[in-house]
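Below: one structure, written as structure tokens.
Residue numbering begins at 1 within each chain, and the chains themselves are lettered A, B, C, D, E and F in the order written.
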Amino acid sequence: MIETVIRKRIEILVDSALVRRVTDAIDKAQITGWTVLPVTSGSGRDGRWREERVMGTDKSLVLTISSIEKAEVLVEVLAPMLNSHGLLLTMWDVEVIRGERF
Amino acid sequence: MAMDASLFAPFASPVILFFLLGLLASALRSDLAIPEAMAKGMSLYLMAAIGLKGGVAVAKSGVNAEVAAALAAGVALSFAIPLVAYALLRSFGRLDQTNAGAVAAHYGSVSVVTYVTANEILGAGGLVVAGFMVAVLAVMETPAILSGLMLARRGQGGDGHSRGELLREVFLNASVVLLLGSFAIGLVAGPKGYAEVQPLFESGFKGVLCLFLLDMGLIAARRLIDARALNLRLVVLAIAFPLFNGTLGVLVGHAIGLDVATAAALGVLCASASYIAVPAAMRLAMPQADPGIYLTMSLSITFPFNILVGISLFAALSRLLAG
Amino acid sequence: MAMDASLFAPFASPVILFFLLGLLASALRSDLAIPEAMAKGMSLYLMAAIGLKGGVAVAKSGVNAEVAAALAAGVALSFAIPLVAYALLRSFGRLDQTNAGAVAAHYGSVSVVTYVTANEILGAGGLVVAGFMVAVLAVMETPAILSGLMLARRGQGGDGHSRGELLREVFLNASVVLLLGSFAIGLVAGPKGYAEVQPLFESGFKGVLCLFLLDMGLIAARRLIDARALNLRLVVLAIAFPLFNGTLGVLVGHAIGLDVATAAALGVLCASASYIAVPAAMRLAMPQADPGIYLTMSLSITFPFNILVGISLFAALSRLLAG
Amino acid sequence: MIETVIRKRIEILVDSALVRRVTDAIDKAQITGWTVLPVTSGSGRDGRWREERVMGTDKSLVLTISSIEKAEVLVEVLAPMLNSHGLLLTMWDVEVIRGERF
Amino acid sequence: MIETVIRKRIEILVDSALVRRVTDAIDKAQITGWTVLPVTSGSGRDGRWREERVMGTDKSLVLTISSIEKAEVLVEVLAPMLNSHGLLLTMWDVEVIRGERF
Amino acid sequence: MAMDASLFAPFASPVILFFLLGLLASALRSDLAIPEAMAKGMSLYLMAAIGLKGGVAVAKSGVNAEVAAALAAGVALSFAIPLVAYALLRSFGRLDQTNAGAVAAHYGSVSVVTYVTANEILGAGGLVVAGFMVAVLAVMETPAILSGLMLARRGQGGDGHSRGELLREVFLNASVVLLLGSFAIGLVAGPKGYAEVQPLFESGFKGVLCLFLLDMGLIAARRLIDARALNLRLVVLAIAFPLFNGTLGVLVGHAIGLDVATAAALGVLCASASYIAVPAAMRLAMPQADPGIYLTMSLSITFPFNILVGISLFAALSRLLAG
């Protein structure tokens, strides 16, 4: 059987205009990579939004896999933005193959 | 009597009728929707088209003192309008410093689609706007963002990390680059080069504008329906601002010697409020400000007001002033 | 001899050839694909264009008893066709009540693209369809959904929660709103207003239709290849329905006094089966019905049959009846 | 270290035409928000589908974060639709920051 | 309370040109289905990429739910491609309803 | 003097100016971007349009020995160019076997947009390319992929599983199918059928090409900025290849008796490097090869070089050879 190791998967929902800042933080935490997924619409305390053209209100989902240590570094780095810019961050354990990459 | 007719003429234009269809469809909660990629594509097309056309016009007419005066007036108005708006938003509108600054920035900046629609409506009434106004449109996008931020942050240290990012966002944002870039292309290519691409950029223009305004109508009405943060005072301001700023723009236009059509267009630029470049900058620089306030005011109230009423009004005013 | 030629003439039209290219490319499993946003954009464009054109035509011709008769006939046929179809789907097709009702609803409703293509093919043969048929097209979309649901649910209480949602979906669905909306815009704007937007909506029309039919060919063939739920009996019905319903439509058209072209168009509407509005409504109201049956029948068999054979057939029949 | 709390992450794959019904259920369960992601194609017992234009066969993925109690309420509310409309629901524990929001 | 069972959720990030090969592997492992999500951009050891038109560099995310046994089969089947084609695979436990389907 | 002017004339064309705008905007890190669906849509449009136009031209001119010679030359050159390129990439470029094979395949294949742009630039200079060159373009896409793979895999057993998939990818890839398909449609429909769709496919062509090249400029510059794997030797090769291959193509063109314009176009095809079909095939067949090398070379260096310099150069060379 193929061997797997446990890593953290972190997903961050963020204004598209701020994606760059989040991925810079990921690079700074020396995590090997990240992937961005599109998002169509949503609703939260600020009300509903839709992928509303170029109006600065659309969001993206940034996903990154990392070791637990680097995940903690990333969360520390992002902490101020989490509140000021209303990021939504979730994190959980996943099995990965070729774990030495992360 | 004649003026009356000219005030209502736009309502027989497909451009306006498609906008009304969009408003109505959203109000009825129809699922009619324009795919996002198509809407973005149409907005790129419209900007490239007016940029090119403006550049070609200036290539023909040449640059003179009038152009310089209009550019200077545009920059000054974009800087200044937020100052008055801010004061009213704080006092009459009862907004906090952050939200008042954010909203003020929107009203100092401009809406490209309002300008484009005004061009068509004015043109249909025989008023041809000078080509260089595209450059004025482009330079008016950003000064207001800076004065809005300044107002919102008085007495609070700015966020150092993001300054460079913000300036790039502001001065190199997509619409400024595309407007000025295609304006320059029009200048360089001139009427001969333009002739090659005219079939796409000129023949299709009004039709694309129809579909784009259909989408704007859908979005504006949907946002109004979902709005939570709006109150009557803000609605009043969202109508008072274009009336006041538009009148100011027309007056300044006449004062610096612009012709009837061009002064009316300057009025429209002042009256219009941004709902693309400025919201994006605000999300970066002032994430605490509430899009439910600034977007709803600019997009769902001021934009329809200008399209349906404001443009014709400023045209009439400009004619009146010209005697 | 002449009739023979007119039956095959469509196969030299780029519109039909692009559809065949799409079928072929999918059959060969090429990765050719049209981006979804582009396909949606083209379908919005086509609907706005025929709506406008129809409205302008009616603005010129005025409304008369013929229009009212055609509208009434359209509604009645859309209601009635599912009843016959349902019986055959149950007996000959051996479908259960739910699936038979769902399929029947598709055949009572209409396909916008089939109508648009028919307009082009008839036009190329000198048959100009009356403008008001766009309104007939729009009103025929929904009655069939109601009779289909009624058939499928006989003896079962409906799902109360979703009734309002369903009615909105049915009466305010995107294509009905856009077709009737742009029809109304064409009526109000008239030939003068239409002239402004004609370059986009008329010159580009056939070219866009080519690309759209390319996409339809790709999708129709792909779905047929992936189909699991289809059997020979259903294939037979998917060809018998358009033949029968189309003939019925042409006959009714002549009976109520429509001209040759317009009666042929009514035949095409009856023969065509929905593959957009009705499937969406079925997913909401009858999720148990199998899209592998109703979509494959309407989209992969009836649609190509009508494009390649049906339209020419109903045109010939209508000519024959007119003597 | 930043403190995290455990919440449920629920993802529901659903016909796009039914998204509204799912998000209404989320609102009714008093969960603070939701986010919709686009989906391109898939395959299941009913065979393959693709993002097939406006043909009513395309799907979306609705994602929501909530407390365990509210998650249970949501699942109860959705249960009938899960069967009749063939929703695909998965649910797992995630760490979130600013957990008081959910 | 509605009963849930534990299944594996597997997500595989893969070049869009290779999606077909991954879904074939899923079908071969006799898993009941899969769903493909679009992806916008990313960064890894090979540097940054963006959804760059038809240039063969765009990626997709394939998601599948299966029993633990079938998940193991799938991972074995995919193992050679994981290395040669640089797939990114993560896997974790989720609760599902109507678990008999998977 | 006259030649000098003709070399610089393209820089006043909006087509080239929009490409430069794209390069500049990315270099300044503006956020200007074309939605992906729109870019894909435009590329489908451009391919359908040139396919149709070529087919109609051949329908008029008929097929003769020249056409056969051009097709044969195209296939032979596409097979052969990678052999030379591979040797240089291994020795001068210091690439390993896999990467050298992958890059070589790109240079043997062709770029549709380079061809389209060349058509416009040559046409503006009075050089009308023969319609059948669209077919040559289509047949040159794939042979290079096969020779590139052969080179990369010498002495290593191929990956059996994927052979069929790869061949389908190679011979039925979207651009080959669309180019040949619309070429065939043009042939069948002829000038009369083409007239119906000309407004979309001909009038809009140059304008769409402008927007498409804007996007290409944005992408090419962005990729160059993000590039890590490139070194000076590879940059030198990415300029030497088009110079050498383009000259070869022009010479072969004259040798087989093509006219000035058509020989220049064959030169452009040889000089151009694929950045769509071949990269996709490489990801399937040689995932170990680094896109950071092959895409950056073909897209960010060779493509701009050909657009800005190469096309004019091969036109001048072809004129020179014709005396």
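Basically, a contact is a pair of C-beta atoms (placed from the backbone, for glycine too) under 8 Å apart; a residue touches a chain by one contact, two chains touch by 3 or more.
Fair warning: this is a prediction, and the values are worked out from it, not measured in the lab.
In summary, the chains found to touch both chain C and chain F are B. Averaging C-alpha coordinates per chain and comparing to chain B, the farthest chain turns out to be E. When chain centres are defined as mean Cα coordinates, A lies farthest from chain C.
Under half of the residue numbers found at the chain A and chain E interface occur in both copies, marking it as a different-residue contact. In terms of their C-alpha centroids, the spacing between chain A and chain F amounts to 38 Å.
Averaging Cα coordinates per chain places chain D and chain F 45 Å apart. Within chain E, residues 37-38, 92 each touch two or more of the remaining chains. Within chain C, residues 35-38, 40-41, 169, 174, 203-204 each touch two or more of the remaining chains. Across the assembly, chains come into contact as A-B, A-D, A-E, B-C, B-F, C-D, C-F, D-E, E-F. Taken together, the chain A residues at the contact with chain B in this complex read 15, 17-18, 20-21, 46-57, 84-86.
Within the complex, the chain F residues that touch chain C are 35-38, 40-41, 44-45, 48, 52, 168-169, 172-174, 177-178, 181-182, 184-185, 188-190, 193-194, 196-197, 199-201, 203-204. In the complex of the two chains, the chain D residues touching chain A come out as 1-2, 4, 7, 9, 23, 27, 32-38, 60, 65, 92-98, 101. Across the complex, chain D is touched by residues 36, 39-40, 43, 162, 165, 169, 174, 215, 219, 222-223, 226-229, 275-276, 279-284, 287-288, 290-292, 295, 299 of chain C. Chain D meets chain E in the complex at residues 13, 37-45, 59, 61, 72, 75-76, 79, 82-83, 88-92.
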